[in-house]
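In the part that follows, the structures are each spelled out as structure tokens.
Okay, so subunit A shows up in both of these, paired with subunit B first and subunit C after.
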Partner chain A sequence: MANISKAETTPKQSSRSLKSVFLFLGVFFTVIFCLAPILWQILTSFKTNEAIASIPTIYFPSFNQLTLEHYISLGLPFLQYVLNSAFVSFTSTLFCLAIGAPAAYTLARLRIPGENIILAFVLIVTLFPYVLLFLGLLEVVKFFGLGNNYLALIIPYTAINLPLTILVLRSFFQQLPKDLEDSAKVDGYNTVSMLLNIVLPMTTPALITTGILTFIFAWNEFIFALTFITRENLYTIPVAVAQLGGASVYEIPYGPIAAATIAGTLPLIILVLIFQRRIVQGITAGAVKG
Partner chain B sequence: MKQKDIEQQEKRTGWLLILPALLVLALVFIYPIARAFWLSFFRENLGTQLEPIFSGFYNYNRLLGDGRFWQSLWNTSVFTVISITIELVLGMGIALVLNQSFRGRGFVRTSALIPWALPTAVMGLAWAWIFNGQYGVVNDLLQRLGLMETSITWLGDPTRAMFALIVAEVWKTTPFISILLLAGLQSISVDLYEAHSIDGANPFQSFRQITLPLLMPQIIIALLFRFAQAFGVFDLIQVMTGGGPAGSTETVSIYIYATVRRYLDFGYGAALVVVTFLLLVTAVVIAAFLLSKSRVNLTGGQ
Partner chain C sequence: MAKLELQNLRKQFAPSVVPVKDITIEVEDGEFLTLLGPSGCGKSTLLRLIAGLEQPTQGKVTIGGKNVTSVPPGKRNISMVFQSYALYPHMTVFENISAALKLRKIPREEIEKRVNDVTQKLGLEHLLTRKPGQLSGGQRQRVALARSLVRDPDIFLLDEPLSNLDALLREQVRADLKQLFETQNKPVVYVTHDQIEAMTLSDKIAVLCDGYLQQLASPHEIYTAPANKFVAGFVGSPQMNLITLDCQGNHAVLGDYKIFLPQLKTQPHQVILGIRPEDISLGDIETGETIAGHLFLVEDFGKEKLLSVRVNGSDQTLRVMVPADRTWEGEMITISLIKKQLHWFYVETGDRLN
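And then the complex of A and B:
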């Protein structure tokens, strides 16, 4: 018996160390794959124009090949774009939660006819590419005279984030203990006051999770912002940065673009660093549990 | 009697609570699609001075003979199939890595979220810079590795431009697949693997016989989401190549956008929207059917 177990340890140990080699390679590859493009963009944003255009490529610039000029060249207009994006994303997130939470509660707890059809509709709508919508929305925007008005972005952003909001919040509401709501009813709460005073405060973490996701999606939206906003001082980040790239065909300002990439996405990177766990939770709740 | 009253009231409250959401969804999703169906039966372009003129199936007839449309549909299919396949394999690999326990796992998980969180349009520019024909880092690395003699153009060559787009898309969206698959992996009991390895199965057999079948719902959901998104790809291509060179990376969505915004051909653009929508719905129905089947298999197998 003892002999057999002794003989077995060697192959097992070697397979374990083989496994750790594979794991190390996998981790190494994952980190490089995910971060290399963004690291390269960070490096480019700090290199002088000469260093950017040098062949062969400079991977480790010396001190005098580094500069802040690209960030400085973005200047005040860029701050304006960041504020625009922040305003549009934040407002649409608030709208989305305000409209989505009650809808999610209905789908989680209240019996209404056609519930399943509504749920199926909400699920299917998440699959629509926005390019199918902009033509019709363009007419709506023109009809209401909303061109170059943030409502032309806030309303669509609220809508495109509603399905996710409803699905995620619904799955959180369903996990709440039902007794609580029953006893609240006995205490004389009606549905709306119970939702406002008991259910929503208890699901604040879920609201934050959903809010982070909708904020990110609104910040990143491109096609509506490109179509409905033509006044430069109203641009959001994706459009503003894309316009930098298209400013001139022959001399593309790579340094400023790189700086704009980093400066314009810094808020999102910070959100990811702080709320990594919540974001993962939100994505899986929205896709799998729905 | 009283029970019935309560039910009635609950129903009314339910509708009131859900109504605003339904109205917003109807305005932004249903109306544009319905409007496109209606408009697709009209000619409304510069030739008609942007006045709608009813012309039956004229736009659809035109679409059948429109080589540019078929080319864009082909490009879309190539882009979608290749990028989703790579993403699934890569996403599975990353999910398996993230599912292990090791030091610094939190950091690796956070890094894996970065590509997902950043705006596609902005990162498209970053990728255009990486694939730059003159100063791009891809050219430099390939030359340093001795795989190439001189710099080549990437975004100016039809095949290589498509390649660059697929690389950028895979980078951007693989994390999403990994996150979904990881959630599935974490729900599989470790006991299953232990029992299986006691029976003498090696890790590859365990992967094939336990992981893959149990992960099937997540795989299909991820594929469904990714298929719809990749089929409607716009931001990345608009920013990186604009559909060029010579239309070689023009997808259906880029063509729709150009038709409406550049050529101001609203009627034909609407027909393109309708056809793309119908193609997408067909594919989704098929996928949903497969999904329901895989769920049945799962419960049947347990």
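And then the complex of A and C:
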């Protein structure tokens, strides 16, 4: 009996191990496919200029082909750009959440006449390719004299991300149990303190999610930042990186560009990782039902 | 003293959505009132009107003689236990229970004392630092209850607080609830669709259907003298036999048999006869209307058996509850409807005849 059962299990086992091999290969190639450009940039940012230019391409540089000089060449001004980007991104994210969350709550909870029409408009706004708006916006910026002012970036970034924020938060608010709010009312919370003490803590995951999306957009946005800001000390990272030039027009400083890209993305990655840990799934667990 | 009065309450959401149509009820201090009715009868809406979570379209809510119709829920000094418990998931049990007290600026020491008293009473003292997510269903239910009790409110409102518990636990908590609220001496309004809960817990039951109050009476009266056909059919398990019969003079005709109608000024053409299965017995007894019929179904409940009998000369069916050890012979059997337990209702209105 034992032999028979053994003979039966063997093909099954081998097919299972085959499956896991395929799974592993699949995961491996997907990751490589997605990360390849980034890995390439990292590699480039650490190679010496000779190693970057040499043919055939050097995939595994030796020790003396590695250098930190590209990073060092970025210098102090780069820190300024990072701070610029951070300020613009933080502020627009904050505005976006501060305006979007109450709007979403209103649309989710109150019975407003024409609610669907409002939602349709909100949705339509997201359908516009925002790049096409920038010529019009340029006129607006000129009219209000906002050129070379962070507000010229903060306002459009907030506006562009508001629709998505409203839509995502609204569907999140809708699935929050309404009993909790009723219970808070019976307990004696007024509307504002109920929103701050009961609704907001439960909304944190959704706020972080939409906040991260807004933040990433603002951090990486290029066209507006290029058009509305011309003073060098106000540049955001994408513009600053694009402005990096060589000694002559014919020289493209691959190394510094790669280093700037990596150094400019790193804060973003760290930030996203930190906040992602706070998106605890099922934070409402235990609120309702037995 | 905090008598609760509802006067001609009406709630209209849309022209055709009127869950509460015209309801007037009074609840005295220490009285346990249950709102009983099928889904969609307006009982939860009525409770929300009392709580102030909904504004009535018409009518008045007064607590202790004070009109609170336009007072927000937090200022009515009521407490409410929700069906889903609605515990704040990000707060510990202690914070959940004390939240309302803190909002009322009660000193810290007193809050702690009151929370301790309540949690000891409910056996929650070792759970104070946990979050609702770490509690079992029964524990959550008790936290919800503690949150309500600690407030020492003028009126307790409970919205199907037992429906999320499993059957065994429900029975035990039901008994606990009864003891607990007997000591409170405050008006309690309890919503349920479970008639056993309503029967066992209440001093008074308000049976609701379709936005109207059908009957407001003690559990005993609801059971023995239902005010109309709806109450008769809704309360009691197995359901009361309700059959429509033609009338001849002062008799109602049931197949080959005639049953005396109660004394009335005008005789209707048709009436509805109601009799509970346990008020019909097997065989021929003196105090009953004896009827013969064809036994076509036996359902065994363990303690009792439920027989379905088709009356001779008619296609009407009567269900009869007999003790499990009762025996009979053949399929043609004789049954007796106990005369004292007959209920009569008008066909048109469903109202009780006498």
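Convention: the second predicted complex is superposed on the first by the 232 of 290 C-alpha atoms of A that agree within 3 Å, B and C clash if a C-alpha of one lies under 4 Å from a C-alpha of the other, contacts with A are read in each partner's own complex, and residues count from 1 in each chain.
By our rule, contacts are C-beta pairs under 8 Å (C-beta built on N, C-alpha and C of every residue); 3 or more make two chains touch, one makes a residue touch a chain.
These figures come from a predicted structure and were not determined experimentally.
S.K.: Is A:Pro201 touching the first partner subunit B, the second partner subunit C, both, or neither of them?
M.R.: Touch partner of A:Pro201: subunit C, not subunit B.
S.K.: Contacts for A:Tyr189 in the overlay, against subunit B (first) and subunit C (second): which applies, first, second, both or neither?
M.R.: It touches subunit C, and subunit B stays clear.
S.K.: Thinking of the overlay built on chain A, is A:Leu107 touched by subunit B (first), by subunit C (second), by both, or by neither?
M.R.: First partner only, subunit B.
S.K.: Which of the two partners, first being subunit B and second being subunit C, lies in contact with A:Val27: first, second, both, or neither?
M.R.: first
S.K.: Of the partners subunit B and subunit C, which touch A:Leu234 in the superposed model: first, second, both, neither?
M.R.: The answer is neither, since A:Leu234 touches no partner chain.
S.K.: Given the touch rule stated above, what does A:Leu135 touch, subunit B (first), subunit C (second), both, or neither?
M.R.: A:Leu135 sits against subunit B, while subunit C stays out of touch.
S.K.: A:Leu271 in the overlay: touching subunit B, subunit C, both, or neither? Say first, second, both or neither.
M.R.: A:Leu271: touches subunit B, not subunit C.
S.K.: Which of the two, subunit B or subunit C, is in touch with more residues of subunit A?
M.R.: B
S.K.: Classify the contacts of A:Asp179 with the two partner chains as first (subunit B alone), second (subunit C alone), both, or neither.
M.R.: The second partner, subunit C, only.
S.K.: Kindly classify A:Ala218 by the partners it touches after superposition: subunit B alone (first), subunit C alone (second), both, or neither?
M.R.: The answer is neither, since A:Ala218 touches no partner chain.
S.K.: By the touch definition above, which subunit A residues appear in both interfaces, subunit B in one complex and subunit C in the other?
M.R.: In the superposed arrangement, which is not itself an observed complex, subunit A uses residues 190, 283-284, 287-288 for both subunit B and subunit C.
S.K.: Give every residue of subunit B touching subunit A within the complex, in rising order.
M.R.: Residues of subunit B touching subunit A: 7, 10-11, 13-15, 17-18, 20-22, 24-25, 27-29, 31-36, 39, 90, 93-94, 96-98, 100, 102, 104, 106-115, 117-130, 132, 134-135, 137, 140, 143-144, 151, 171, 174-176, 179-180, 182-184, 217-218, 221-222, 224-225, 228-229, 231-235, 238-239, 253, 256-257, 260-261, 266, 269-270, 273, 276-277, 280, 284.
S.K.: Under the definition above, what is the set of subunit C residues touching subunit A in their complex?
M.R.: Counting only subunit C, the residues touching subunit A are 48, 51-53, 72-75, 78-80, 82-90, 99-100, 103-104, 131-138, 140-141, 147, 164-165.
S.K.: Would you tell me which residues of subunit A are touching subunit B in their complex?
M.R.: 23, 26-27, 30-31, 33-35, 37-38, 40-41, 44, 52-57, 99-100, 102-103, 105-107, 110-113, 118, 121-122, 124-140, 155-156, 158-160, 162-163, 166, 190-192, 195, 216, 219-220, 222-223, 226-227, 237-239, 241-242, 244-245, 254, 257-258, 260-261, 264-265, 268-269, 271-273, 276, 279-280, 283-284, 287-288
S.K.: Report the residues of subunit A in contact with subunit C in the complex, numbered from low to high.
M.R.: 177, 179-180, 182-190, 193, 198, 201-202, 282-290
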